[in-house]
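Here subunit A shows up in two complexes: once beside subunit B, once beside subunit C.
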Partner chain A sequence: FVSEMLSAQGFGGPGKMKEYHYAGAVENRFSPYAFNGGTVLAVAGEDFAIVASDTRLSEGYSIHSRDSPKCYKLTDTTVIGCSGFHGDCLTLTKIIDARLKMYKHSNNKTMTSGAIAAMLSTILYSRRFFPYYVYNIIGGLDEEGKGAVYSFDPVGSYQRDTYKAGGSASAMLQPLLDNQIGFKNMEGVQHLPLTQEKAVQLVKDVFISAAERDVYTGDALRVCVITKDGINEQTIPLRKD
Partner chain B sequence: MPHLSRVSFFTSRKHKPSSTKMATLTMSRPPVAGFSFENCRRNVFLEGEVNNLECSLPAARKTGTTICGVVFKDGVVLGADTRATEGMVVADKNCSKIHYISPNIYCCGAGTAADTEMTTQIISSNLELHSLSTGRLPRVATANRMLKQMLFRYQGYIGAALVLGGVDCNGPHLYSIYPHGSTDKLPYVTMGSGSLAAMAIFEDRYKPDLEEEEAKLLVRDAIAAGIFNDLGSGSNIDLTVITKGNVDYIRPHDEANKKGVRLIELEALQLTGDYKYKRGTTAVLSKCVTPLDLQVVEESIQTMDTS
Partner chain C sequence: MALVEVSGLKPFSEPSAQIFGTGQTHLVDRTNHYSFGTSVHEFAVPVGEEPSGFLTSCNKEGGVSIEMNHGTTTLAFKFRHGVIVAVDSRASAGRYLASNDVNKVIEINPYLLGTMSGSAADCLYWERLLAKECRLYRLRNNHRISVAAASKLLCNMMLGYKGMGLSVGSMICGWDKEGPGLYYVDENGTRLSGRMFSTGCGNGYAYGVVDSGYREDMTVEEAYELGRRGIAHATHRDAYSGGVVNSEYI
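Let's look at the complex of A and B:
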């Protein structure tokens, strides 16, 4: 279905003009994947974690939905952000929810953020030769109550970070976070610990900038702040063009 | 009578004084017969060379774009968005897509940005020479004919999709011109990746003999549909209203999207924080000062886009 749509437009993909072939066989391979855009971001603080995503769902040059957030609540202390191919995002989150329930029933306790991250890695690698086209970032509180961020690639390689951006505008957001949170490439600046207010403001500003330059990012921003008191969600409007 | 020396661009021709016979058509070099594809073979070879080095050539910047035009009672209204994309990244948030052809003719361009810019400039230049030669205000049909002949000569390799509009001695005219060289003369046209969104608005609300304000609103709404529903178009709306003897080049007509400003009805709140760096934040490894002995001749200030 995806390749039929592309050939009807005479496109080689968004932003590219296909060469016209008037004679000879034209092969239109079916592609099981689609790129639905979207950007996710997670920041870990001393006693909080933030997971934020834009809410635009797009395909090619069109917009499917302006209100499709990419943050999914897993437990009271963990939120996952998934961007990439929306079909795989939905299936993956369903599978994770099922596995969380199974763990709860077998072990009589909720999965910790670190355990969820390890489990997700095995789930993704089990599909090593037909991957889930999803860029995942888990944000939550670890056993000690400190903020934790785990970032993944589509086949399950993961590591714990302080902050990470994923999705279509990740290359634009990551350097800014490196500078403002990691204090990279700056001399003589005080390394103040990140407060929750400053982190939330930074996340909003960073998404406003991403929406300027990335066509797939925009419409609205969903910010989930995870603290020991629970998960607080805010929605902020972004550029709609 | 003063000698009007007509200098053609071929330096091999001898410099002749003007003849007072009928107007001679000496413009830029006349179109070469047949198709010239000498550079295509070279381009393919170069691309192969670059691929061997594991690199890729920079992609031509396309404008994505929504452009449209409508004929109303006294003239034409042309509209365009202002976003230029390079792949799916915005390269220019406020580029100008309505190009000058002659005092009474303007042209919107979609497709490869360099192609639309250079093609309209070449035809504008040729048309000015032609107009001096005929002694008359240029006609829209002439610009159309020149554009289509050039684009056909290049068999679609010049990726310029244009909406040409103007008012001449025969009234208002509007043409759409495709990269392969076909043209359509219509009362309302749209081009670009956002053309379907804009055409939906036109098909709903166009009627013949609109008033100027109605036509401006219709074009504004059509471009806005493209801006909000097409990812390749965005930012602001530029309009050009051409009537007999007057051109209104309205840039921007509507700033449909402002950075980081929340618009709740009429309230606009500044949302973004301030990011400033103290002097000395970037590490200086070494410093070498070379004084230059210069005199200040002229001082001018050019504002930078810091948005």
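Let's look at the complex of A and C:
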């Protein structure tokens, strides 16, 4: 805990000269967390899902890496995006991979997106009192082949969405998605369903905007498009400054 | 005795280990994530730190900001024809609105509902666990669990983690042999039976509206409308409540 000694101001009693000095010793506690930046986005369509993330890994004022994507492939129909503290992201994805293998070996089938989401919720909650500092978004196809997005908070609260942004620029991207995909606050506009091409273009545009204004987002964009034919990955350059 | 062994009770272990009777709860510094589906409930706890204040102390350092989804208004009341439950649908994480369309009612079985207010993850997890225990009860005893018993199970789960910073304000509503049942359970282990409850940060607004319009002999439509108005007024005035109103009738 940060501890500070009270300065002698005002405690010298009447008549004594007030002293102005540096307010004593400050203790810097070890923090188990760090913030490594990064933004993740997922969109669900009629028969596809897109998970996109930037590839910058930063800490404070430094950039550790320009090629550290935050999308991790879990199964042929599911991709997870993890942003926050990179150490916890790595451990969490290792645990999920191990649990997927265990499930496959005991049940002889691959976990569905909904099942992975429910499992992740309990994994995160088991660390309720010492959380994984990770903002997760799962994108994939559900059992009927429709796009599904599940968004999480660090301790395991989750719900199914149509689109969600998470990570450092999430507060900038989410309103833009609300407007463009959810048609919120737009009048007299036809609610056309999102096609795959339009969705990919929207994701690229949205990340270009995020890189303009968020220091922790940039360098490159990794887009994973999930369809029944598999997962297609593209990398698009973004601002490097 | 065979029954003691099957239920896994250990006579001299700490109170927190006897919550479920089917297993023990452990607080460890690193959870074993690979023993899923077992009766042992493990929670990781930071070593040497007091759990409820730990996250707030982390949040001051180096850009780290761990925010959990929070906030609500929910209300429920009994009347002659049953129980009405109405909830809003907003989840906020700090100042950021995480979602405007969260489902805050969990259906434990067709005759038992639980509402969620407070921390979203806590409510979701413990009410899912309650649903599992209610299902087991039904399978073991061949009749549905009563609302009083279900709320007591949840209350005891909360007591096991009292003081560790959980945030759950839940109403267990249902219909059992005694008719309509409504219990309020919170993270301190409070368990109250009543005719009307409202929880969450907007609860004051909801209480005012429902108290002024309540009549025991309302019709179902009038009761739906009253519940909806209560939540609507609360969302109007409370910043942390909003979205849509979800109503359920038992």
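Things worth noting here:
One rule holds for everything that comes next: the second predicted complex is superposed on the first by the 218 of 241 C-alpha atoms of A that agree within 3 Å, B and C clash if a C-alpha of one lies under 4 Å from a C-alpha of the other, contacts with A are read in each partner's own complex, and residues count from 1 in each chain.
Note that in this section a contact is a pair of C-beta atoms (placed from the backbone, for glycine too) under 8 Å apart; a residue touches a chain by one contact, two chains touch by 3 or more.
Here the structure is a predicted model, which is why all the values come from computation and not from measurement.
By the document's definition of touching, of the two partners only subunit C reaches A:P32; subunit B does not. In the superposition on chain A, A:G156 makes contact with subunit C only, while subunit B stays out of contact range. Of the two partner chains placed by superposition, only subunit B is touched by A:M186; subunit C is not. In the overlay built on the shared chain, the residue A:M102 is in contact with subunit C alone; subunit B does not reach it. Within subunit A, the residues touching subunit B in one complex and subunit C in the other are 60. Residues of subunit C that touch subunit A in their complex: 27, 31, 33-34, 36, 42-46, 51, 54-55, 57-58, 60-69, 91, 93, 96, 98-99, 101-103, 119-122, 124-125, 164-166. Contact residues of subunit A toward subunit B in the complex are 14-17, 20, 58, 60-63, 168, 180, 185-189, 201-202, 204-205, 208, 212-216, 236-237, 239-241.
Across the complex, subunit A is touched by residues 59, 62, 64, 83, 85, 87-90, 93, 156, 159, 193, 227-235, 256-257, 259-260, 262, 271-273, 275, 277-278, 280-283 of subunit B. Remark: subunit A residues 1-2, 29, 31-35, 60, 85, 95, 98-99, 102, 119, 121-131, 133, 151, 153-159, 161, 170-171 touch subunit C in the complex.
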